[in-house]
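What follows is a pair of complexes built around chain A, which joins chain B in one and chain C in the other.
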Partner chain A sequence: MTEKQNVPFLEVRDLVVHYTSEGKEIHAVNNVSLTIEKGQTLGLVGETGAGKTTIAKSILRILPEPPAHVDQGAILLEGRNLLELPAQEMQKIRGKRISMIFQDPMTALNPVMRVGEQIAEGVALHEKVSRAEAEKRAQEMLEMVGIPASRYRDYPHQFSGGMKQRVVIAMALACSPDILLADEPTTALDVTIQAQVLDIIKELQKKLNTAMIMITHDLGIVAEVCDHVAVIYAGEVVEFGNLEEIFDHPAHPYTIGLFGSLPDINSDVERLSPIAGMPPDPSNLPKGCAFSPRCPYATEECSRQKIGLDKIDGTHLCRCINRGKEE
Partner chain B sequence: MWKYVVKRLLWMIPVLLGISVVIFTIMYFCPGDPAMAILGNGATPAAIEAKRIEMGLDQPYLVRLLSYLNQVFLHFDLGDSYFQNQSVLSGILYRMPYTLIIAALCMLLQIFIGTPLGITAATHQNGFADRACMIIALAGVSIPGFWLAMMLVLFFSVKLGWLPPYGVGGIQYFILPCIANAFAGIASQARQTRSSMLEVIRSDYIVTARAKGLSERDILYKHALPNALIPIITVVGNGMGMMLGGTVVIESVFSIPGIGMYTTNAINNRDYPIVMGGVLFLGAVFSLIMLLVDIIYAYVDPRIKAQYEGQQKRKRRSKNG
Partner chain C sequence: MSTPLIEVKHLKKFFDTPKGTLHAVDDVTFSIEKGKTMGVVGESGCGKSTLGRTLIHLYESTDGQILFEGGDITHVNKKKLHELREKMQIIFQDPFASLNPRMTVEETIREPLELSGKFKRNALMEETERIMDMVGIDERLRHSYPHELDGGRRQRVGIGRALALNPAFVVCDEPVSALDVSIQAQVLNLLQDLQEQSGVTYMFVTHDLSVVKHISDHICVMYLGQLVETTSSRELFERPLHPYTKALLSAIPSIDIHNRKKRILLQGEIVSPIEPKPGCRFAARCPYAAEKCHQPQELRELEKGHFVSCCRVEEIN
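Up next is the complex of A and B:
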């Protein structure tokens, strides 16, 4: 599927991650493979608990181990497997080549450290510059996300939620990373602030030519910022494609269900049609297709064995054996 | 901030007033007659009665209380000892250095041994180091100070003869009392540091710090420890109070002429002015330490500082509005 002629910029290959909780194995990520090229944005879409954040944290290797454990797979940055790097090498990559914007700005900042210093800290570490230069760079970053540089010496509690998220963004982008992992960067924010924050991220991404993985459950955000979309269900990619393929020709029943549960301003329907049932228990996944218990098109065959990810056309992949039969 | 400190200092006045009323009342209702204690068992009832009148002990409770408060708070005079020809204040000032040296040394032991133990335990959670630290801590909180003191004397002084068993002099006289007195503090310090660090280590901002590429060492000392400090400082403050109380026992065991010994002897002799003066003095020291702890909070956590300053701003605003 990927460009065979050269190595993809970042490739996640066959990643399997599980958590251990009270003796039970929780299968958070099951055989996920993804690729992303420089400057592109890949959307990871799925319900809460589908394993999106776990994928992002495995890329940075900041999963709490234990309880988390990466069982197999490789994460290749320009062909180099990050999972096998020694801890010190990995520290040089974190924050410099790959950085992350966290979901909850309220808790992502150290409450007893000045916000400017929290930004400058990473700069001083990776760019090998003097304190004064790091401070200057941090002030520029603050200005870039729309916070006056004079607030460098303020503490997080003096900022609103939206401003804190902008500080988190400034922190993530301070060393001009090659890849930005944005983990639901707008979920904890007001709707009015969401658009601002997205604009900031998009603008900075363009300016710095950063590749981005945008984790979200909001299809509106996907439509706005992403080039490619991977739909994640129960720790698996169930559908992958570019924006048109996913939005205009959704193929997997789960993706179709996601669109069905969105309110549409143009059509006049009495009720939304949510996906029936609950996501499967990740400690006890169904044997075949994980979505089959909730799927309106499921047949006996679906629960018999694992379903492969098939190519539809172009870059469009789908993990469903009944595709096309449902109509 | 300064306004806050001044306000807290002024608050100490009612606190000390309260302490003196309570201690005076307790002493008033205590059985035993100072006049009889001074004159001895052989004294005639008439002589005792005369002594009582001379000392003002025949006056009613309220009159005696008010005259005591007047003497202490308006003339800064804690009275004179019944038996020793000395004012209570000079007696306290003479003995204060011993008590403060022991308390300060214990404090240092608690901070510089307890905190690293707790950090080690937290960073090796459920590992061998954690278990070992926590067993030491458990022993520390369970063993009474006076018992440990006697065991230490038995071993290091009587058996090995390395350290003096009692009295005062050079630094070697302070080693055993400080270890005995500080052990419980070290233990609670280690336990508090551990639980506080464990809580902080799981915070989101620690993940943020890790995602920034910081080394584990920097994460621990630049991000985790400063955030874990608040409960740790609280324990230090409480520990200081415990130490002051503990010195009363430890000074008796090791015959150190500090405030504790001074007060316990006075209790036995019914030398009331010393008892009241000693309690008042310890109360004042304790209040000052608590104030110090609160001020340190403000420098450790900017949110608390904002709160202190916020209170004043709010009041000013409500006054204007």
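Up next is the complex of A and C:
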């Protein structure tokens, strides 16, 4: 693999995705652009329905089409547009160069297939190895995520939730992918198990120099594992920056609102300051800034036209025209 | 110290399963003061929901004692239970599963008022409106069905129904776990406001430690059916004593990016609560486990109001 200069490892460029449901157009992803480099972790933060999972699924090209439809944009892996690849080519990338950890391990595993075989299946498909070698690799992967290889022939129902999620992680990492898409990988797990699983992911990422996109609604997880953060609201990136930029100097009113809504374990607040109102209906997004109907700082200008994602400083970007005028 | 509203002594709730007896709640003792919030935390399967449900007689307890307003309610007849239901209520995690899909918002909130027989026709309407207003449900939604509401509003209906008859005690069973953070904050504030207005006592069951810290006066930490530590919320977060509590608190991902805390990573898996061996159930994962941990443990008051169930607690702290 030749390292090309100035070409990001993975770039999502101007992606637009909509779903059609009951005759209505649901605008799930609206002009999202992101880049990520090898070994780095990008956090996608946002609430239910913000479009985080749709972005990840577009990268892997596993959106159900229809009802989903990619209207425009490009997914560039080392400069090559994945959206234009023939299906067969994409098949080779999926699970090999890019893989995904799904949110719910109960539905991501095949209940009637032994867990070891589920891991070996991907290895056999992507690597030119014998059956025995694939099996051996699968056993190593199990050990790597802390499950004894002797449980190779067990079925998913014989594992606890945390162990099932570790099987899913082993599966996603079996072919040493360059990019890992982790979609709320620990949401279904208890905190002590979550700590174990996050630790395993981080360790393996370091070892394999994998780039990772971590999708989560938990800002605590972002703080612990990510290098950069993209805050997603109504299918748009409303703020982007590195950890310090987002956590020390949140700029977008939505990001500030998210921090205010969060009971913090390190401080005592009598009352939380929630964001007023509800997320917008994605089939009928407000004109201009999608957050303006809930925004305490909104002016008339906010709903007049599309707001650009402007640079604040460093890598810090924010989609707000009233920034700094809050006080 | 004022008199407790509810007192639980050596409460046990076992379930018979094909594999043996499941010890969901095993010898739990604590009390909740009137007008306060007791948080109950623990991971899935620790018995926290079963504990809440046993307290309000959704389950019959296997052994032990429950005192409510000073009276023994461990065993009650149907008539007494009917009276108790007015005073003890529950808010469930998933309002979509707990609300009747074929009843409108108005009908759902009015039903408990009707059943109480305390309201005449006109008063019934007025009271229903008052409750809708109290929990922040817009007047125009009165004829909506649960599926037409978003999660936050559905939960407001669940809260309205539970608080309709002004109960003294409400078990909140993961009431905000299914909600997004911005909506979660709205509902937590609502619960706090309602407590200030009515003086209701909450038992707040959750796996979310940030939420429990925010809302509780006192906290019980449970592990596999056993109460491992209980004290005031402040004390628990400042000075956790039980090894499990310490690990649990250290595992919470923190948004403080400058002060990284040291994490206690636990090894091993949670043991089965079916036919458990005597002794501390956390011992299998505990970094300090010793021989004597396999003896039955006793909940001891180490400092005023700070109870811990660990025989090695003095050695390790």
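In this section, the second predicted complex is superposed on the first by the 319 of 327 C-alpha atoms of A that agree within 3 Å, B and C clash if a C-alpha of one lies under 4 Å from a C-alpha of the other, contacts with A are read in each partner's own complex, and residues count from 1 in each chain.
By our rule, contacts are C-beta pairs under 8 Å (C-beta built on N, C-alpha and C of every residue); 3 or more make two chains touch, one makes a residue touch a chain.
Just so it is clear, the model here is predicted, and its values are computed rather than measured.
J.: Counting residues of chain A in contact, which comes out ahead: chain B or chain C?
T.: Of chain B and chain C, the partner in contact with more residues of chain A is C.
J.: Counting only touches as set out at the top, which of chain B and chain C does A:122 meet: first, second, both, neither?
T.: So A:122 only meets chain B here.
J.: For A:244, is the partner it touches chain B (first), chain C (second), both, or none of the two (neither)?
T.: A:244 sits against chain C, while chain B stays out of touch.
J.: With both complexes superposed on chain A, which partner does A:93 reach: first (chain B), second (chain C), both or neither?
T.: The first partner, chain B, only.
J.: For A:102, decide between first (touching chain B), second (touching chain C), both and neither.
T.: first
J.: Quick check for you: in the superposed arrangement, does A:162 touch first (chain B), second (chain C), both or neither?
T.: Second partner only.
J.: Taking the contacts chain A makes with chain B in one complex and with chain C in the other, which residues are shared?
T.: Common to the two interfaces on chain A: nothing.
J.: Mind pulling up the chain B residues that touch chain A in the complex?
T.: 202-205, 207-216, 222-223, 226-227, 300-303, 306
J.: Over in the complex, which chain A residues touch chain C? Could you list them?
T.: Touching chain C from chain A are residues 47-48, 160-163, 190-196, 198-199, 217-224, 243-244, 247-248, 257-266, 269, 271-275, 278-279.
J.: Touching residues of chain C toward chain A in the complex: what are they?
T.: Those in contact with chain A are residues 43-44, 150, 152, 180-186, 188-189, 192, 207, 209-211, 213-215, 237, 247-257, 263, 265-266, 269-270.
J.: Which part of chain A faces chain B closely enough to touch in the complex?
T.: Those in contact with chain B are residues 60, 62, 64, 87-88, 91-96, 99-100, 102, 104, 107-113, 121-122, 125-126, 155, 157-158, 168, 171.
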